Each structure stands twice: as structure tokens, then as C-alpha cells.
């Protein structure tokens, strides 16, 4: 296995399991002389922490990050940056019942088939806990993209089948402000209220909910993305689909392109900018200077208390009810993770474009 | 730029432009002792050739492939396989008018912003012509996946807003046969007829159409895919989104997961297999032994005769009507390209899994 | 910068500086189900520790390794293994005088030119301290190569211009035993005694010494190494030359091939094995089943007390005498580092060869 | 196998065998807007062509290069550049006798052990013929390094045990001129004459000769090379050792460092430059602005007419006398190959350094 790294020049390697000693990452290729303190990363981690909404798991991790290398006297040195986040509230005993049982919707079965061994506690490497490293790395990427004028914003567009009013969504000019008004980062307050109710109901029923997150990139210069396999949309799709919960990714008009004509889908070009944005900011895999618009579909949390049919490691039929401490939905905790993955890809391509030019 | 390679162990590097001398690819990592003749690849290329439907461009390329290396006495030797396909019917003069004008929906603008230079003829590197190399490489990948019992099938699920009857689609047992009954590879004959009419109308109107292709992988063993960034679904998403026309990718239930509960989305596990397939054959990024189900959204062809608003390289407003010889829809020609990208990813991960085990 | 990773399938990423909080590495691609405990790695680290000979620095680091991920109930899981070694005895104050002065023979000047910033304490990332991570990773690689029957042995062939008697060196059958008889891992006891005297003299003079290490690989199967750029000898040369102290690498007959004829240099082939080994176990970049024989030239330690001419960061001429706590020679501490780099390359190519076959 | 690519940003992938249809390479990452014509590459290929000296093979290849992609109207576009060189004078019949016999010193045995198949004609992929692609790619790299002020020069320092007078070698100011005075690129005319005599003798005896090539890089800026595994010296060592004939690489003082003290080996630093160059232009793996000095040991050509002991594919003892058309020494034809490999590494690191900075 060598799939734990992402990026060519800004390269992030994550390691760690849900119930191991720690999680962390190594970031190679960060340019020197960038101001970096643990507090910069901590702020991002705090946004991802559980316990803020009904939807979230009661596991309490302080998520204290330690910078182990690559920073000297408050500035990056150009050498690899190693980040460490200890696991402190990993209660493994609730998982003892699961030692020999495969949980539906979970990586148990596939990890066992792949490696012939599984870490039955939490989700092991497939756990959402792994995303703490992504968010930490994303905080560093944000320093690079931010200095190039790029910002990334993600929010809840749908949860449990309830959609935010399209008028409240991108490109509403109040979007950034409105999503701060509720714990679900949903720009439509009515929808947010109904989503919260749905979360309560699902929790009571021992069930879980899925949703859609929309991600907007502003200020991205034209010219990022590498033909032909490392197109910007291809790289973003991979980065986002690599989040365990994501089952679909679309750019700009996305699946709606199947129903419109070329004369509608093609964005006319004006002297200053494109006159519409069906392309979602990416043409032929290269950014065109418009806002990048991406949506991801998030599946319901796999771990539910509701009894489900399954088998044990001997292939015998049984049922399982996952107790543990689980979120009801990955939303809103997945939002900073989506932002982080976007930032990591953008930072990498900013550096790649510097090298691409004469 | 170094984005023209895909794969870690089965690695494909493509090169070539729409109106250059040739297109081709180098395939590294193909195991030795596989029977390989030019006819094996030619058959795949012939499926992709234009001119078979109303939707397709009248450009006539014989697409004769030449194997330049890596095969000795009819067998692969383990060394890089170089494939060459000469361009023969590239008529560049119709593009002279486009030399200083950016075509909406096209890579003209973004390539110019990226590189400061553009090849205005055809689509240059962003042209669909580049996919001839992908299909050639896919034919070789098919040899590897085929000997592992894997097969890939893609078909038209929607075109110009017209959807095939869900009952005719996967998992219908007549699917494979029915899609051979019409030129659009659509399993629903009624829908196929209406799609053809739509294509005629669009052609007459100087417009173009988008659609949805569904891709099914059968016989894939459990255990393929590398946590955490090189998950099988992440790798497939990148490979498919790297096709110029694709604006969305979804796996299994895809975007529909946003509206269902965990108790529905989780596929129960029976003694022999999973009892449903919302996961689309991939759990936690690793194949689970079920059919892999993927859908891609294809945008309408960007080059249309209808007049569109745009600018020239000096930023002056103007209009453009793209004459050339263009397809009305990428469907059905994109179908073998989708299959090829799937095959390339699967072949790479078969080899990676061999190396992953003790 | 993204040069801190080595290997394609068994991939090691190191991080950490001489006087930072810690050093460590992440190892991707280690197969699952390998027994691994911290004691396995500790034994290798202990061999590398300073303080055992006259030549070594008085800095005292316990070098306690902590396995942070990738191991569950004593076995590798196939996921990334993160190793952490805290720095405990890093006394930075002796370096205050060096803050603005470039030390001859050192990375000070080049790091500053590269990054515009330097960590003047110890050698920063260029310090020999970084090799602790290599030795830790090598201990894991040894598990993989060992189970394939491969063993690696390195020893001192020359130090301070004093050469071990050729008869005592490879292929002497007493080699393995004789090198354990003195602290310098030199198979010739007389030479070892004179080397020790040279070390004493150099220490007294505030000077340092270089040498030659020879490395022997036994039990390596034929067929490892990838044409054409990732030839086994090319990969070994890179891995060894990446050790800061190494200025030359040769395989088999090495530079002596310049003076012999083809009829001598070509090793005749007998029914069971090659009848001589000028090739050093590698033909056309692929192992041939014979012992692999490699030699590396190690330069004298750059940090010496003797006064040297140099400049400060303003380009003003000055002199420098490096006090700190420095080794007199990298020998013998470099020996386990050389072995580790060999093991890492061999483990990677064992996995690559598994994937290379049908 | 996936070892046929070199470079991270300026990436070269070669393909082709000695007696296949063609050889060639794909170069990814070449910046746009560089003037490039086939004549630029042809000049480099012509230097490498056989038939100019006694030492060279009588095989006559015109080595006509064709640029298949990546260049438009005489300028690079930033997309992959595909180069094709047809094999025209490959006479395979002399090799029929070798079909089942392993040639000593050759890749026959190891390729067969690796892949279970061999192309017995010429050297297959292990042939010196493969280097035609390296030289072609090097010609392109030279465009990039040249515009940064870097030049590379290689020459014969030793051949058949005869050494050029050290006074005639680097850093002699007449070096560049003197090496053009004879066909062996040797700066010492007397030595050159004796080398030619040695070549004649060896030819008559059906034998072959080895030698040493020294390579000098001038004008390289300080700061190139990536700690810690992709050090400049490590990358150069790999690139040079990947040439089939090379058995040793040393930088600056090289193996001589084993006999000198730190106070001699450390190059003092003056206000404008280093006051000596034992480091060979590289400190801690990063260029220091001085000339880069590298030497490689080249083994005698393996294919000789003299009878040698060997086995056939059934393991039966036999003898072999290789007739074919072979060089007597890789010198001087290897000289442009060494230069090309240096250029490729330097071009890659120039691009990497652009991306490494803020």
C-alpha cells in the first residue's frame, strides 16, 4: 500500500488510526519563510471537532496539534513539516463486541479482504478520525493559497433530503454571512431548522442521514490544472472522493449538463469575465478565473444503532447494532474537511504552475 | 506540466494533439508474457472511431495503431510499450478563423492563460482526439483485468435529457445484449429512438447535447483500492473526470445518498454476498466483490455552429460560430473511452494489490 | 521541496532536524501481518548511537522510538507506520556563535542560498541526526528482506587513509565474525588499531577523518531492479549518495573497470553460478543472484575545531572554529546507516518485482 | 516494471529496444515558448552516432529524429513532446546463434530471470541503443539549462588504463579546446594517441576496454538539489549509474576523501566564492555555485569476440564468441550520453527550485 500521499509538489502524507496512539501528517514542499504557529493549525482543527451539534459524536478529543519539524523561530524552513495529534479519548472497549463482526456500510469487510487483518476498534484507518490530519494539512495549504488571493468556502446545501432554498445558496451575496448563523453552516435558516429536527428524529431512531455540501473557491487565478490526467477537476474529484463519506462529485452545472444544450452550457465570454458559470470555473481541466463550484454527495454515517443484518468472520449470519459514540451525520463536521482537501489541491497546483512556466 | 501520466505500476503516458503529426502513448509496467498484437488494440480503436452515428463528426481517421516497442514474437516483454497512431485527416484550414478568437466552452482561453501560447487548430491537447491514446492503452489493460476475470461495460443512460427506462438499465439481465441493438448503446429502444431524433434536431440547429453514461464492472475481486487518498472510488473519479467532457462522477447510489437514511444506504451482508448495492461495489475505498457501478455526466460538445458571444485575444468582443467537423454529442463515442479509463485504473490496482500483500 | 521520500512501493518519508523537537518517518507500503515491536527497531537504533568509540560525538541521545500507527496487536496492518524519536540532548547554545557564519564543508551556505533561511543549530536537516529515521525505517525493511533470505553487512575498509588488509575483507569467510572484534567494524585487527590511533591524533588536532565502507548483500534473488532508470545499481547509488557524508559509490569492480579488459571484466557463467563477481551482483541493472558488493567513500566530518577561513552572512571574511560535540569520523556510525539504505531499496524492489510479474 | 521515467517536473520516459521498430521518448514538463526544431536535437544525436572512431561499432544508424507532438509553429507548447527515432540498420540474424545462450557481462541472464522472456537480438532494452533517447531528451534539457547559464562538458580522463595528464584535465583553461583536437575527447594528445593504439590492439584481440569520463558543469546557480533523498549528488549518481556501462560515480574529491583530513577536505569560503573545490560544487546535496565535478567509471563493452565460458538456457555449459557489430569501448560515444543525463537532472531541479520558493 502506498496510497497515503497526495500532491506532487505540496505533498501531504497522513498516518494514524481511530484508536491508535495518534494521528498526524508530514507535509513536504511547503515553501520557506511562511509564518506558522501551532495556533494557526489549531483554529482549523477546532472547527472540525465533535460535540457542537446534535449530529456530532460525543467523543471528546481536544485535538492538540504539535509541530515537530520544519519550522524555526516561527517560520517555515522549506523542510518537511511533521504534525502530531494525540488520540486521547479513544474508548476501545465498546468495540469488543465487533471484533468478529462486519458492520454494514463500513470498511471492516473490505479491509479484512484486502489485508487479512483488521483493527476492529473504531474505523481504524477508514475512520473519520483520519480527517484530522487532512484539516491540519489544509490549514497550512491555506497559508499558500491565501497569499495568492484564493479563499475556499463550503456549506450545507442539503441534509436528510431537505434542500436549502436555491436563492440562499451560491451566488447569493449574503452566503458567507448567512452560513455562520447556524450550527449546520446552512444559508437557509428555515431549512437549517428542519434539518436539525431531522437529525433529532434520526438520532432517536438510531439512524443516520446524508447530505450535499457545496464548495466555492474565490480568487483563483486562471491557468491552474495540468492536462491531461491531472486536470484541476480530476484532481479535485479525487481529493474529495477520497473522503470516506463522499459518493459523488460534480463541478459547475454537474449532472444537470445531461439535460441542457451546448448553446446553454457554453459560458459566453465577455471582455472582463465569463458571462455565466456552467463550467464551474474550470475549462478543459484548467481554471478560467471564475469561481470554482463543486458539490459532493455525503452518505449517511455507516455506524447506526438500528439492528442490521450481517455476517461474522466465519461467514455466519448475525445481526449488529453499533453502539459506540457516533455522529448522526457527517454534516457539518465534513465541511472543514472538504475545504481542506480543496486547499491542498489548490496549493499543489499553484506550485506546479510556477514550475510550468518558462 | 507533468500531468500526462496516470497509474503507479501500470502507468500510461499519453502525448499528441488534435492536429499534430500523431497521437500515442507509452505504457510502463505491463507484465511480461502477455499475448499482444496490433489487432487486439485495433478492435478497441475501431469502436471509438467517428462516423457511425448522427452524433459523430465526419472527420475520418483510420486510426491505425503501430506497436513500436515492448513486444517480441507476439508477447509482451515487460518493457515499455510504445503505441503510435498517425493523424491523417486533420484539416486545419477551417480553424484559421479561430486563430485569435476564444471558443466558449473550450480550452482555448485556459490554455492560453496557462501557457501563453495556444494551438488553435482543433482542440490541441484538449481535443477529444487525445482519447485515442486512452482507448489504445485501455485495450492493453483489458488483457490484464480480463485474465483476473474482470469485465467492464458502459452504456448510455441519458442523452439530451432523455433517460433510458430504469428497468432496462443495470441490473437488467438483458442489458449487455440490448445495448448492442442500437448505435447509441442505449438499452431502451424507445429512448434510443427519441435520442436519435434529438440528435438530428440539435444538428440542424447547430447545437449539441449532453448525457449520462453508466459503467458497470463485473468480476472484480474484493480488496482493490489503497487507503486513504488512492481509494478505488477516488482513483476512478479522477480517471473519469480527466475526460474533457465529464462534469460529474458518482458511485453506487451517488447523489441519491443525500436523501436516504443509513439504515437504507448500508448494504446488509449475507453469507455469500451483499444483499443490496448502494455502495456501488466500493466500501471505504476498497472493492467489496460486488459489481462496481459508476455514472458520469457528459457536457454537450463545446464546438457548435450556433453563434456565441466571445472575445478575441486582444479582449475585443466578437462572436464565433465553429464550423469544422464536430460531433453533436460525445455519446456514444465517449463510451469506449470511459471503459478504457476504468480498465486502466483497475489494471493498476490489480498490480498494486499484488505488491501490497506479504 | 519534495525530496524527503524514497521508494515506490515501500516508501519512506523522513522528517526532523538536528535540534528540533523530534525526528521520525512514515513508512508506506509495508505489507500486513509482519510481527513488529518497538524493540525490533530499538536494536537497530542502538547500533547507530554515539558514544561508543573515540570517533563519536559525546552528544547522548537515548533514541527511544515510539510506533504511532500501522501496528495492531503486534502485527503490521498494511497501513502507514509512523515512527517518532524525540530529541532530548540537543544543546543549542554552543551554536549561537555560528548564527551568522557559514561553516566550511557544511550545508549552512547552500541551505541559506536555497531557502533564504537557515536553522543554524546543529546541521538542521542536513545533520547526521536525520539518519536516525533512516535506520528506524531500515529495521522495518529488514523484516521484509529477511523473510526473502536477504542479509546485508557493512564494514570499514579504510579509515584515515589506512586500509584493511584485502585478505581480511570480502569474500573472506571470517569477515562477519572478525568485524565484531573491534569497535570500528574493521575485519583487520592491525588496521583497526592504527585507525584508532589516527582517530586519537585527529581528535587532539581538532581535525577529522574520512574512509571507505564496503557493503555486502547476500541471498538476494536474481531479477530485482527495473530497467532503465531504476536499475538496481542506480537506485542503490542514489540511496547511498543521499547520505550526507558520501562522495562516491562503486559497484563490484567499480573504478577498477577502467583498467581491465572485457575478457577479464565479464564474469563467466557456470552451471550453478557466476565464476567471478566483477559485476558486484548486478548485470544491466538487475540482480544476478550473486552477492551484491558496493563501496562508498565517506568524507571527513565537516565540523572541526581547527580554525578555518570563511565568511559571514554579510559576505565579510572571518574564521570559524566549530566547538559543539562532534564525531571525529562518520565511521563506524555510518555503517548501520549504509545498511539501512540498502535494506530500504531492496525491500522496495522485492515488492516491485512481485507486481512486475504476471 | 515502471522504471523507465526519470525526473519529477522535467520528466523523461524512454522506450524502445535495440532491434525493435524504433526508439524514442516522451518529455513531460517542458515549459512553453521554447524554440525547438528537429535540427536542435539532430545535432546532439549526431555526436553520439557510431562510426567515428576505431572504438565504435560499424552499425550505421542515421538516427533521424521526428518531433511528433508538443511543438507548434517552432515553439514548445507546454504539452508532452514525443520524439521518434526509427531503427534502420538493425541486423538481427547474427544474433540467431545467441538465442539460447547467455552472454557474460550482458543483461541476457538477468532479463530472463526477471521476466521469463528475453529479446536475444542486440541487447534488447539493455542495449546502448536505448541511449539515443536519452541524448534526444538531453538536447531539450539543454535548452532549459542553457537559458539559465548552465553548460555541461564531458571528456575522457582514462581509457584502457591510460590516464590523461592531470595538468591537461579540469580545471585547465584549455580543456574545452583541447578535447576537440582528437576523436576521443581526451585533453592530452599523447594519452589520446596511446589510447587509440590500445583500442586497435583490443580490437585485434577481440577484446574491449573500459575507462573514466569526467563531467564538468559550469554556471550552475547555488541552491539546486532537494534534501534529503533527492540531493543533487544523489540524483546525478542515479542518473549516471543508470547508464548500463557505469560501475562507479564520484563527486569532487570522490574516493580520495578517504585519505584526507577535514581541514583539507573542507573548502574555505571567500567573499566571492569557495577557495577550493573538494566538494565538487555540491554541499549537503545542494549546489554551492562552484563548478560541479563528477567522474564515472565505464566498464569494457560486454560483447567481445574472444571466447568466453557460459551456459545456455537449459543450464548446460558452453562457450560463446559474440560476433555482431560492437564497439571496442563505450568511450567516446558515452560522453554525450553522460552530458545528457546531467542536463536532464539539472533541468528538472531548475524547475523544482522555482516551485520550492515562496
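A, B, C and D are the chain letters, set down in written order, and residue numbers restart from 1 in every chain.
Just so it is clear, a residue touches a chain if its C-beta (ideal position, glycine included) is under 8 Å from a C-beta of that chain, and two chains touch if they have at least 3 such contacts.
The model shown is predicted, which means the values in this text are computed figures rather than measured ones.
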{"item": "Partner chains that chain A and chain D have in common", "value": "B, C"}
{"item": "Identity of the chain that, by mean CA position, is farthest from chain B", "value": "C"}
{"item": "Distance from chain B to chain A - Cα centre to Cα centre, in angstrom", "value": "26"}
{"item": "Whole-Å gap between the CA centroids of chain B and chain D", "value": "39"}
{"item": "Residues within chain B bordering two or more other chains", "value": "1-5, 8-9, 14, 29, 32-33, 78-79, 114-116, 125, 227, 352, 356-357"}
{"item": "Residues on chain A engaged by chain C in the complex (per definition of touch)", "value": "1-5, 7-11, 13-17, 20-24, 26, 28-30, 32-33, 66-70, 72, 75, 77-82, 84, 114-119, 124-125"}
{"item": "Residues of chain C touching chain D in the complex", "value": "1-6, 8, 14, 102, 104-107, 109-111, 113-116, 123, 125-126, 130, 158-161, 202, 207-212, 222-231, 233-242, 244, 246-263, 265-271, 275, 278-280, 282-289, 297-302, 304, 306, 308-311, 315-317, 352-353, 356-357"}
{"item": "Chain D residues within the chain A interface of the complex", "value": "8-9, 29, 31-34, 78-79, 147, 227, 351-352, 354-358"}
